[in-house]
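By letter and in written order, the chains are A, B, C, D and E; residue numbering begins at 1 in each of them.
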Amino acid sequence: MKHRLGRLMAGFILFMLILAIQGQCAGEVSGTVLKIGSPSVVKSASLLGDSSLGVFSHLSNPTLMKMAENGSIVGLTADRAEVSKDGMIWKFFIRDNFYWSDGEKLTPDDVMFTFNYLADKSPSAGWIKKTVENISVDGNAVVFKLNKPYSRLNLEFATYTILPRHIWEKIDKPLEYVNNGEVVGFGPYYISKIDTDAGVIYFKKNPYWKGSSPYFDSIEIHTFSNMDVLSMALEKGEVDAFYKYAGSYPYTSIQKLKDTGNFDFIEKDNIGLTFLAMNLKKEPMSDLEFRKALSYALNYSEILNLDALGYGQVPNAGFVPPSMMDFKETRKLQYNLSKARELLSEAGYKDSNGDGILDGKDGKAIKLTFLTRTDYQRPTELVIGYLKDLGINAEIKSVDSSTWIKQKDAYEYDMTITRSTPWGMLMHANWGTGYFDSTRTGEGVLHNVDDPAFLKLCDGILAATSQSELKEYAYQVQDYYAANLPGIALYWSRIVTPYNKVFTGWYSDPLYGIYNVDSFLEVRKA
Amino acid sequence: MSPAKKRLLRCILALFLIVSLNFIIPRSMPGDPLTNLLGEDAYLTEGSASELRSLMGLDLPLHEQYLAYWRSILSFDLGYSYHLHSSVSSLILSRMKWTLLLAVPSLSAGAIFGTILGGLAGWKRGCGMERVNTAFFLMIYCTPPYFLSLLALYLFSFRLGLFPLKGLYSTGSFLDIAHHLMLPILVMSLFSVSRNFMIMRGSVLVERRSLYAAYARAKGLYGNEILFRHCFKNALLPIITIIALDFGFIFSGALFIEIVFSMNGMGNLIYDSLLSRDYPVLQGSFLIVTIMVILANLLADLQYSRIDPRVRWQ
Amino acid sequence: MAGLQELGFFNSARSSGQQATKREAGTVNPGTGDAASMNRHERGHFGPGSFSFPGFLGLMLFLSFLLMASFSFAIAPCDPWVRFQPFLPPGWGHFLGTNDLGNDILSELIYGSKVSLIVGFGAALLSTFLGTLIGLLSGYYKGLVDEILMGITDIFLMIPQIPLIIVLAAFLKPSFWMVALLLGCLWWTSTARVIRSKTLQIREMSFIEGSRSMGFSDLHIIFSDVLPNIFYVILPKFLLAVASAMIAEASISFLGLGDASMKSWGMMINFAFTRGGFINGYWWWYLPPGLCISLSVLSVILMGFALEERDLETERIE
Amino acid sequence: MYPGISPEKHQQRRILKVEGLSVSFPTTLGSVMAAQDISFDLWEKEILALVGETGCGKSVLASAILRLLPGNAVVSGSVVFGDRDLLCLSEKDISRIRGSQISMVFQNPTLAHNPLIRMEDQIAEPLCVHRGRSKKSSRKLAEKVAISFGLEGGGILKMYPFELSGGMNQRAMISTSVILSPRIIIADEPTKGLDDALARQAIRELSSIKEQWGASLLLITHDLSMASAVSDRMAVMYCGQIVEIGLSSEVFENPLHPYSRALKGCLPENGYNPIPGSSPSLIQPPSGCRYHPRCSQMTALCKEAPPMMAVAKSSSNSKKIGMSGCSDDRHESCGRQVRCWRC
Amino acid sequence: MRQAGEMLALLNAEGISLEHEQGLIFKKRRSILKDISMELVEGETLGLMGVSGSGKTTLAKIMAGLEHPSSGIVSFQGKDIRPLSGKEYLDFRRSVQMIFQDPEGSLNPRKSIEGSIHEVLGLLRIPKRHWRARTSDILNTVGLSEELLCRCPGQVSGGQNQRIVLARVLLLNPKVMILDEPTSALDLSVQAYILTLLKKLQKERGLSYLLISHQADVVRFMAHEVYVLGEGRLKRV
């Protein structure tokens, strides 16, 4: 019996070894492939339903517009866009030389269909229904007639992929529509297969692509639910580059990659940022002097060093990072504990009983509730420490995201740390206003500012029709932030994207990073 | 009532309880039951929210909701995931096969090797080799499964490069799938072996003190003969039920292993829905896992009565 | 040393003493009672009787963890919340280096023992209390009470607990007290089963009938006659529950469902895992908490096994 | 009742010689002397009864012969079977002897059978193990043997031990022990836990073994009257020592050792006369004659340990049992020996 | 036959039957005892014989009020025992005691002998200062020395155990003792001792015994009247 057992085990181990060796041989694949590793896992092969797949599909189904390196919006599928003087009519001129991967030509009709379709069927595009009165085709242009001026329309259209009418008009519930096989697209590549079990999206060259020919026969997006494994895969050369929408390669793992000498990095300033938000409806956060003092109490460089390992810079009081359009240089935030204390005592916050804890205006010791989610534990820990140095006690209330949203919406907190994505900074009236405007609602939105001056600014931006007008408003918004501090940026981070040195020609745009059509047309093996 | 019938009744009751629990939890938790039922990532406008509310029957009295809930469960409708844009039951169906592919070989290997090695260890308590075995499996037993898988992944896949880093397959051929699954299966087998090992060892320690074992020795059986001719089967009896009950625990271990090895099975499904608070998926998965565990228990009972004549006799 | 003996570290010595004085020393040991083992016993390792070394090791390990948890403020080299330079490798200033925030890992480790032990023991105390109570009632009263209680136990046994805890923890506020409470409320079942079957056995012994016929109350019989006789079953069960609860706590923390305001081993691994400790090979960050979990669980299990084995030894006499 | 020793007895050979066998168990409280300096012979086709109270070490003795004691037992002396000392054999060699040459019948037959295996397979097991026969062919022989012990009909052999009564289990066990025609059968309290009627039945079967299967029987029991009814010779044990050994009829009718006499007095037919005091502990047994604290005829001499002494045969005795033809060697073991200074 | 009223019947059983029900839905009835009547008279011993499994022990437990019959009445001093409560119940509870077969299981193995005896003294609400005297007194009665007190049941012999059980029971001053195979697990010499002791106690205290045994010798030695239980029915011998 024991011998039999031994043999059984030996056989088991042998089988394993054979498999291991066999697997290594099978790893070699012919043809030129570019493999990109991403932590954004595609959970269902639903082009409109899955947000990760939505981003990845930008390669096969490019957007109407795109964001240029300087933050301005330029044409992609559309050659250019025109807006009428009153800002009510937008015209997008569609390029002539795009063909779907099944041979059909891309027409303005496809574009019109796409936005009508989305307005109808996608809840996240519900604003189209509210804003756009009608869409029509005028020669090679698609005309959007709005019911009120909307200056950000071209920006919005830098995020929606264009769908082939002849395929999608038959699909009634696009969110539930799952397609694991080919997805018809008109980009340089089209999706040939979505394999959620293997975690790979396969792209193939679009045979009808008329532009400059890309260098690779196929592109594979390998998704990893585990960041460490992705790092290992990069290091081992199993994937060639890293991509995460609005996210950087983990700062802690960069050095390791650098040490291998095989990688280069694209570093870009992030539009999104991590910030401290305050409940302005409650004492003492409603007191501007208190907020000002607080802004001096935070050790920004330490937060930057610990949370982002120094990949970024100490922010300005103006909140908006310099990578955004129409950035205005405002007061640099600085750590000055004595000044913070001074400001507090000037404002009347004193430690009357000498226990080291400051009293509020009501004479009672200040005790703040710091709402936090698991993702922000580290910065929260730090901020709590700074508050303590200042003589303010804060109690961590660690909650899951759902509770966070509920409590934030009910204003049941004193402070919290959250972050914005690039799109988050751009949405609504741009420059981060979407997070503070009290008239808005939504998941990550704090809606804590109901100052009429601020709300008026937002409305102004939305109705602005010229670039110079926008710039004027942008400066005003940033000045407002700097003066009123509704939120304090903790750091402006950089997005670091590593890629294997073997591949060159990457191009990164501010909105979607290296994942854009231009980039994939240029990347080649050195 | 015969024990078998009693057992069946209890299984049904357990099922009933779990289904009811699934009904109660989202409705009794603080907050909007709609959010609790749909998960918070569901993009909803006010209009569609109230529409959904009536669609899901949340405006009905509780008992009617409960009945409707049962009706949908019985038609295998576990709800809809607004997060993954798919019906929960089809999601689970597509994920379950991978989990089973991981769990079934591991659990079988765990049962076979665990009981044999554990039996030998219990039999030869104190002998050098068995001490090493026991210490080894005890250490595994004491290590959380996710930690074990992390170490294995780091060592075998990354440092030694023997196995792929993630996923279920790359080409999809049988050997390729096996190659991808080998390490997770190995880790999970180790985990399962260690649990069965400890139980079996204890069980054999009890059995070897029994009179029939002594009598077998007096009959002239030598060394391991007594174990394999006599004690093994008897020691296995309590194990069968324990393995079945342990199934839930080991299955949970599979969840952690899937998370670490990025396998698209139930574990990752549960973990993802946990992170995104996709409650319909969370509940549906929990329901299915429970059903599987209960089925395993029933199966164990059947097996038990096949082996133990005393049960049949009653 | 008497205390140790009571805990079963001199198990076979004590029992074989009883055994031989009482009746002709148990007829047989079917194991490997061959000449070799006979010789070994003649020489007698570990002093006069067979001394349970693993049990002793477990006790020592456990005591050191207990010490660590209760005097963490004195033992830890510094406050675990104080920040030094981050990502320091082990060295003289920080024996186990520092983590991503620059917290001293050794101090974190020492403070982290608290959560593990509190959750472990809290959950085990609750589950053992519930299990013992239910097992005793069900075994003693039999009949309908038994049917109902064991029915419930069976049902609870079949519910996969980790998933249930995950689901509940997802809905509830993460806090380690909650975890202990949840685990305690779910893990009484196996204890209840064992206690019940032992109670059934004890109950059939004549001294229980004798006590009943003398007019002692049921309460008196349960607590004075039954309970002391099953105590030796409760203790190892309790220790195993402690071990399981500790592993569960670590797993739940690892999933990010733990209590963020407390330092715990599972949390440490979680941070090491999510913040690059693993990929960078900062073994001093993830290995010590992992080992601590394993060792503390091991210590408890070793004690439990030592007790259980003593139980096995005594069972031959009874 | 058994008539003394028949004439053939002279040709009988000795098959087991136990000499100076001592068994002790080390404990923290001291060494437990379960058996001390036990010597006796077992002859071919003979029933030797070992009688003693609970805790006197008789079962330990039986287990010691087959080396079935727990690992911590310290055994000295010799048990010569054929030309080999069983105590010096390797575990593998002794296991070849167990069950085939020397087999054992346990007390509590219901528990001694594996509850999960059919009776027929358990009975046939020694055949499979020792003779390497297939299960199928050994079953046939098992059936034959079992039928000879009255286990027939109703598919009894296809049943499991728990389905059978204690008496049937006992018979199955006896069948198992004789199936390989062993030279010696050791029966350890075969009647314990059985009703009177069943006990009588079991005894009848056991005593038939001698005739039918030609084996010697070492019968261990606490029942004095049963022992005297069945056995050829009888040894009385007290506190780890044999205090008296001799032909059953002689020992029973005319016990010489005070303990044997007291034991006889306890029998119902003698009016339940209890022995004063209680059995001593085996850890620190009384010095000298171990019975002396309870002995009514104690003298100063009893403080010293008496050796086993042959009893000078009285003329009536020698005539009755025909001992005159005994060789010297034979004489010693056949003859009556008592461990008492006074005899 | 004895004349009615000549002697007081202490414990009476009338038409006792016991059926076991099996199955929850489809009930199967198994009759264990059928219409059993007997009476126990002061100072006498009633012997009950029967093969194993004949229901002797069940009958004994019914007589002691530890189990209840399906039908029939057990009465103590002329009163049905089932509805008894309060002082009457206490009186019955203490007057009818049982002694069991296995001497080792008859005492709590985790309690010292002293503890076991003191427990009974506590039950009787005897003041603590009397405990020592009462303990040595009762040990004397059963012929045990006081040095046993600190031991546990596992450390004394079967005969001693049985005597301790007897001592505990005697503390309650019972009138009836139900002896369920009191000696069958004991060695011959110990058996003899216990039986003689029981006889002596009966003489001194006027106890009535219901002696259950399968050993004809024992019953013959002890009993005034002998019954045999077979197939659920009682037959007088």
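The rule is simple: a residue touches a chain if its C-beta (ideal position, glycine included) is under 8 Å from a C-beta of that chain, and two chains touch if they have at least 3 such contacts.
Because the structure is predicted, anything quoted here is derived from the model rather than measured.
Enquirer: So which chains are sitting against chain A and chain B at once?
Expert: For chain A paired with chain B, the chains in contact with each are C, in label order.
Enquirer: Counting one step per pair of touching chains, how far is chain E from chain A at the shortest?
Expert: Minimum step count, chain A to chain E: 2.
Enquirer: Quick check: more C-beta contact pairs at B-C or at B-D?
Expert: Result of the comparison of B-C and B-D: B-C.
Enquirer: Going by the average position of its CA atoms, which chain sits the greatest distance from chain A?
Expert: Ranked by distance of C-alpha centres from chain A, the top chain is D.
Enquirer: State, to the nearest whole Å, the distance from the C-alpha centre of chain A to the C-alpha centre of chain D.
Expert: Whole-Å distance between the two chain centres: 90.
Enquirer: Which whole number of Å gives the spacing of the CA centres of chain A and chain C?
Expert: Inter-chain centre distance comes to 46 Å.
Enquirer: Quick one: report the Å distance separating chain C from chain E, using the average Cα coordinate of each chain.
Expert: 44
Enquirer: Among the residues of chain A, pick out those that touch two or more other chains and give their numbers.
Expert: If we look for residues of chain A contacting two or more partner chains, we find 232, 400, 403.
Enquirer: Residue numbers in chain E touching 2 or more other chains?
Expert: Within chain E, residues 157 contact more than one other chain.
Enquirer: Where does chain B touch two or more other chains at once, residue-wise?
Expert: 214, 216-218, 223, 259, 277
Enquirer: Which part of chain C faces chain E closely enough to touch in the complex?
Expert: Checking each residue of chain C against chain E gives 18, 21-22, 205-207, 209-216, 224-225, 228-229, 231, 317-318.
Enquirer: Considering only the defined contacts, which chain E positions touch chain D in the complex?
Expert: 51-52, 157-160, 187-193, 195-196, 214-218, 220-221
Enquirer: Looking at the complex, which residues from chain C come into contact with chain A?
Expert: 81, 83, 86-87, 100-102, 170, 173-174, 256, 259-261, 271, 273-280
Enquirer: Which part of chain B faces chain C closely enough to touch in the complex?
Expert: For this pair, the touching residues of chain B are 7, 10-11, 13-14, 17-18, 25-26, 29, 36, 123-127, 138-139, 141-147, 150-151, 154, 202, 205-206, 208-209, 213-214, 216-218, 223, 226, 245, 248-249, 251-252, 255-256, 259, 270-271, 274-275, 277, 279, 282-283, 285-286, 289-290, 293-294, 297.
Enquirer: For the complex, which residues does chain A have touching chain C?
Expert: 227-228, 231-232, 250-253, 255-256, 302, 305-306, 372, 374, 377-378, 380-382, 385, 396, 398-400, 403
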